[in-house]
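The following pair of complexes shares a single chain, subunit A, combined with subunit B in the former and subunit C in the latter.
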Partner chain A sequence: MYSARITRHNPTAFIFLIDRSGSMEEKIKFGSHTTTKAEAVAIVTNMLVKELINRCRREEGIVDYFDIAAIGYSSGHATMLLGGKDSFAKPSILAMQHCSQRSFSRERVLPNGHVVVTTDELKYWIEPKAEGNTPMCSAMEQALHLVRKWCKQTTNKASYPPTIFNITDGEASDGDYQTLIRIADEIKQQHTDDGHTLLFNINLSSSVEDKPVIFPGSKDDLPCCRYAEMLYEMSSQMPEEYNETIRHISNCHCEPPYRGMSFNTPIADMIAMMNIGSISINKI
Partner chain B sequence: MYINLSNYMESVSNPNGRFKTLEGIYPVRDCYHEPVMTANRLTVNFEMTYKGEAYTLKCLLNDSLCIENLRNISDYTRLIDSPYLTSYTYYPQEMLVFDNFDNPLYVDVILQKEPEGRKLNDFLANCLERGDINSITEVMRKIGDLAYWFTENDFSHGRLTASNIIITSSCTPILINYEWAYTTRSFHDLISLAYMTIILYLSACESEFYKGFKRNSIPIIRELRKNLLLLARGLRETGPEPLKELVLAIQKSRFMPDKHMCDKIAAVAQCDIHKSEDFIALMQRIVGLHRFYPSETENTPEQSRYTHVGHMNDMLRRVEDGQYVKFVNAQGKTIIDGNFSDAEDFAEGRSVVKVDKYYGVIDTTGRYILSPCFEDVEWFPELNVIKALMDGHYGLYSREGEEITGQIYTKMLSPGDGLFAVRKECHFGFIRRDGSVAIDFIYDDAFSFQNGKARVTRNGSVYLIDTAGNIIEELRDSPSKTYQTHSKARTEIFTEFDRANAPATHP
Partner chain C sequence: MGYPSISQYIESVSNAFGLFRTLGEIDADRDLYGQVRFTTGSNAVIVRFRQEGSAFLLKCPLKHHPHRRRIYDYITEHPDSLLSEARLLPEEIYVYDPLDNGAYYDVVVARWVEGCTLEAELRRAVRQNDRAGLATLAQQFDRLATALLRREWAHGDLKPDNIIVTPDGSLRLIDYDAMFIPNLAGERTCELGTPPFQHPLRDEYFYDKHLDDYSIALLSTSLHALALEPSLYGKYHRADNLLLFPEEILSDRSPAYEEILHLFLHHGAHASYRMSQLLRSPMPQIDTLPALLERMTSPAHSSATPALHLFEENGRLGYRSSSGEIVIEAIYDDASEFREGMAVVRCGSHYQVIDSGGHVVLNGTEYEIIKPFHEGLAAVCKKGRWGYIDSKGNMIIEPRFEMAGNMHQGMAVIRLNGKYGYIGKDGIIAIAPKFDRASGFRNGRAEVEYLGESFFINILAKIV
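Moving on, here comes the complex of A and B:
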């Protein structure tokens, strides 16, 4: 399980569900800068998309090892940000896509103590946005439809199962907890011969005083909060293959199995979670 | 340590102060100002300029790479003076990288000098375009010399493909990319050189042979390998003797090549170009047959017309032409064309199709099993049933489209362990694929079975039940409980009494 090689004939799939509601306008620390949550999430997601594309670069050009989709949710509806109406985007298409490009600066402290600012160019396939409410249920249903269709394709039968990241900072406005858990359960039921779809739920923190919980082992690791418990139930139990890597970043000091969720997550930990969640890219 | 490709890119893009000894190295950039790079399973490779010369900087992606072996290769290429190897230097702890947690660390890199020249596939394409057969025969002769070199030196490349050979202006082949190499003598590389020699020879005899393979580059060796038997049979009747012997030698060698293969490679290289009609016809047949019987993993000749081509299922292949989806057979002939805006691959003789906004099911002749009038349809080939949604209600249908349950359920989840969790009026229960009730409708909420267990809620309590409806365990409070639409006081307790007095399907 969770061991299938990723090839051009057996790609794997990634879906990003991105909260673009009004609360994502709040400020958050990102490295040495302060920016909005929406901007930080856009940077991190675009960096992961770039990583996925670059992993596909071969001598002969870009080989489509991945199917990538992004769904933004705000203002009462869920919108496909990457890919077609109900389809995935291919890295070869994304690489050629015209979209805005921005310089992204980071401060680096070198071993000799010097501080340098490094600048990278980052394409923005996914633009930051923060307005309206949080129709998470609609987004999850759209993700369910996508992943169901993907898993049913015979070409994907033997593939590494899809990975979904749901990045949010608040509660859904279009459904209760029961509905969300049900849709999440349906998503997790979708599978290939190599395993079930992995659903990660990342709840962003609003304050540095919030205590983060990353990859909990049980509900006992959660704060006393119904919303956190809901996210726990929505999230996938992580396969054994991920345990070693999770152990390095989980702050719960617990034994596996871990849940693919984080609560009150600072951006640095969100990056770590998404890197762990995309560990399958090493199976190319 | 958690480093990904983007971390390497950042360091290469900002090289000042990042290298311990390779001072002054900088990347070649593309039109987006990004470093020019490619990746493979083992390394990410950046085109660099160092002291005015072209190099490739290789950063390790895969922990399984044997560092010791790479160091040996590095030492070997430094010590041995060979016209066929390029400089390949291992630099331990050379480049400063920041990992995903912003931790600084020094990583090992490899610096490979890029020989001047063209890759073998580009070289061949260029020669054929110019009609320069002499250069092709000169390269063949030097590949023969390279084959002898392998038998006399402790070096095996391990991944000898056309993209790992550079041809210089003097037609000398130089090997690059030694990540799979090892410093022992083996003859496996001779097989690759043998295939390359055959391709070069046949292309020199007939340029259409080269162009006839789908990819407009030197054919990948496995494509020739698939046609080797055909070639061997044809060569019994026509073609030069050395070529016949080389093909036979490949067939006999299997995985244990003989060092004498280099004699046969050299013999083909010395051979005159053969242009008899029979021989040309043989090559055209190979190319034509390759086109006519594409493998499952290769594209059909019709592919250029379509935006997507699926795999063969039930003798039919799903293709998309940008707007509609249809089904074609192995020869590319359209079999089913119903103006579907979407369709699934066939499975057990059925496919779910979408026409405008509605879904239906067809068989392999294109006949509708279920007309496209449903809001959603799912076909479960393992259970031989179809789940269909109409006017907000779900029902089950047989593979022949016969109604099993009627559109009576307000909710129907994916099947688990052969049972469907369904909601009728306000309660959940479980039904079998024939529509019969397996577990009665007594639950306020339910989830699908998985590994013989399903989570259900009744009167505010959450339980795990088995496929017979027996309670396995009671679970801790679930957050969903607080938000149930029916707020009942927890007065009814799910007890042994209930179980004792309930019908067989009830816990």
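Moving on, here comes the complex of A and C:
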């Protein structure tokens, strides 16, 4: 299980669910800078999209090893941010897509101690946004629809199963915990011959005083908080193939199986989680 | 430990000042917009750069490989004409993560091999219907494979994309992450090659110098098939394979494989036929492969040799010279000794007439049976009736007999309407069919039976 090779005939799928509610306007530390949660999430997800495209770059051009979707949720709607209304986007199309670019100037401390300023550019397929409420249920329903359709395609039958990242900083405004858990369970039931869909829930925190919980082993590792428990229930139990890498970043000092969730997550851990969650890209 | 993303590596390559521990500043290839050009393999991001007038390849790993250092140390310590110069530079490149923290990572630097991949060269040759070029590639590959099998190491991921055709036509191997080296004997590997070029049973425990056996058999088969029939490429090539999928071959679900077998048989390519039979090996290790390749690449292989004799191997028949050297591989279900420079062979229900070089003189697909040649003619059965063909396959005597014997002293026994008689080489019935039994002529006479009595007759049908 979770061992299928990713080929152009057996791609895998990634779905990003991105909270774009008003609270994502809060400031958060991102390395040596401070920015909004919305901007930080946009940077990280666009970097991952860029990485997925780069992984597809071959001598003959871009090979479509992945199907990629992003769903933003705010102001009562869940909106597809990539690809068509109801579909995934291909890396070859995303690579050619015209979208805004941001330049980032960074101070780099060289190994010899000197400081240089470098400029890097990042294409923004996914724009940051922070307004309105948090229709997470709508986004999850849309993700369920996408992943169900994807898994049913005969060409994907033998593929590495889809990976979904839900990045949020708060509670849903359009459904209760039972509804979210029910939809999440349905998502996790969608499968290929190589395994079930993996659903990661990442709860962002802007406060450095909040103690993060990364890849807990049981509910005992969680703070006393129904929301954290709900995220735990929603999240996938991680396959043992992931244990070795999770062990390095989990701060719960627990034994596997781990849950694919994090609570009160700072950006550094969000990046680490998404790197682990996208570990399947090494199976090309 | 996690590895940098491609973007992170490229950032350091793009702004190389102070970020390479020993390489100094490198001049990476860039596109029209000044962006560093790169390609990605499954394990690394690859950049070409120039330094002191020479071109090099910089390979930045994207995932952990427990044997990488030892493999490249071995390559550095054991230069080999099949490989390009490559070395691992430990903790060479400084890379920043998204939070601006930096760390050093290993890289591999190799001398750039000029040329194009075998994949690209095959595409060109197929497009131009360059059969001679394809045949040359097939022969070059067989030579490379023969040399490779003599080594104590194995490549581990043989495929057209990992073979460079240099401007002088020689082949060089690239991408060494899946290599087996003697120092790693007994260990497991995390690299399993590219599935369409590997035996389905290859796993992490199969890790020794036989790693390339199956890939070699598959590539040799495919290249020789393309040399005979370039259109196979358009028919069977998919994005990830060349012509074949091993799993389909081993589960008898490969129309490409069946077509290739038939193609080799039709053209008398007995050695390639034998090679393609190896693709049904139940295990990744193929012990008979080195000897077969040695024969295929030896200069004596293609020359005709007199005095060939039948031999049997694994239930199949082939031909050996008097000195025991295999001249025609044992691929036939049935075969006659050579007579008059030709032998009749059968593979399945497919009859052929071959010469002593194994070349097909006649493909007898329309005949149910072909008998050996005698006095320049062979009896053949077509749609249940017998006639005679000459050595060029021309029908000399049309099939109309219920039975036909071999020509002896210019005459052959035939049966018509249940009675035996004799026919001459000109197709004219020399002795009318009236006998109940008859033998062939020897020393001017034949034994016949008529109305219960046996006696000898001469070619004029007189009792002697």
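Everything that follows uses one rule, which is that the second predicted complex is superposed on the first by the 280 of 284 C-alpha atoms of A that agree within 3 Å, B and C clash if a C-alpha of one lies under 4 Å from a C-alpha of the other, contacts with A are read in each partner's own complex, and residues count from 1 in each chain.
Throughout what follows, a residue touches a chain if its C-beta (ideal position, glycine included) is under 8 Å from a C-beta of that chain, and two chains touch if they have at least 3 such contacts.
This one's a predicted model, so the numbers in the text were calculated from it and none came from an experiment.
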Ask   = Which partner, subunit B or subunit C, touches the larger number of subunit A residues?
value = B
Query = In the superposed arrangement, which partner chain does A:V44 touch: subunit B (first), subunit C (second), both, or neither?
reply = second
Inquiry  = According to the stated criteria, A:Q101 is in contact with first (subunit B), second (subunit C), both, or neither; which is it?
reply    = first
Request  = Identify the partner contact of A:F30: answer first if only subunit B is touched, second if only subunit C is, both if each is, neither if none is.
outcome  = second
Task = Name the contact category of A:P111: first (subunit B only), second (subunit C only), both, or neither.
result = both
Message = I'd like to know which partner A:N282 touches here: subunit B for first, subunit C for second, both or neither.
response = both
Message = Which partner chains sit in contact with A:I181 here, subunit B, subunit C, both or neither? Use first/second/both/neither.
response = first
Task = Answer with first, second, both or neither: which of subunit B and subunit C does A:I267 touch in the superposed model?
result = second
Query = After lining up the shared chain so the two structures overlap, which partner does A:M80 touch, if you call subunit B first and subunit C second: first, second, both or neither?
reply = neither
Query = Do subunit B and subunit C touch any of the same residues on subunit A, and if so, which?
reply = 9, 31, 47, 50-51, 54-59, 106, 108-112, 114, 116, 118, 120, 245, 248, 268, 271-272, 275, 282, 284
Note = Touching subunit C in the complex, subunit A uses residues 5, 7-9, 30-32, 43-44, 47, 50-51, 54-59, 63, 106-112, 114, 116, 118, 120, 245, 248, 267-268, 271-272, 275, 282, 284
Note = subunit B residues touching subunit A in their complex are 2, 4-6, 9-10, 13-14, 16-17, 32-34, 37-41, 44, 61-62, 96, 98, 100-102, 104, 163, 217, 297, 310-311, 313, 342, 344-345, 347, 378, 413-414, 416, 445, 447-448, 450, 476, 478-480, 482-484
Query = In the complex formed with subunit A, which residues of subunit C make contact?
reply = 1-2, 5-7, 11, 15, 17-19, 21, 38-40, 42-43, 45, 62-63, 94, 96-102, 104, 117, 120, 161, 195, 238-240
Request  = Would you tell me which residues of subunit A are touching subunit B in their complex?
outcome  = 9, 31, 47, 50-51, 54-60, 86, 101, 106, 108-112, 114, 116, 118-121, 123, 148-149, 152-155, 176-178, 181-182, 185-186, 189-190, 219, 226-227, 229-230, 233, 245, 248, 268, 271-272, 275, 281-282, 284
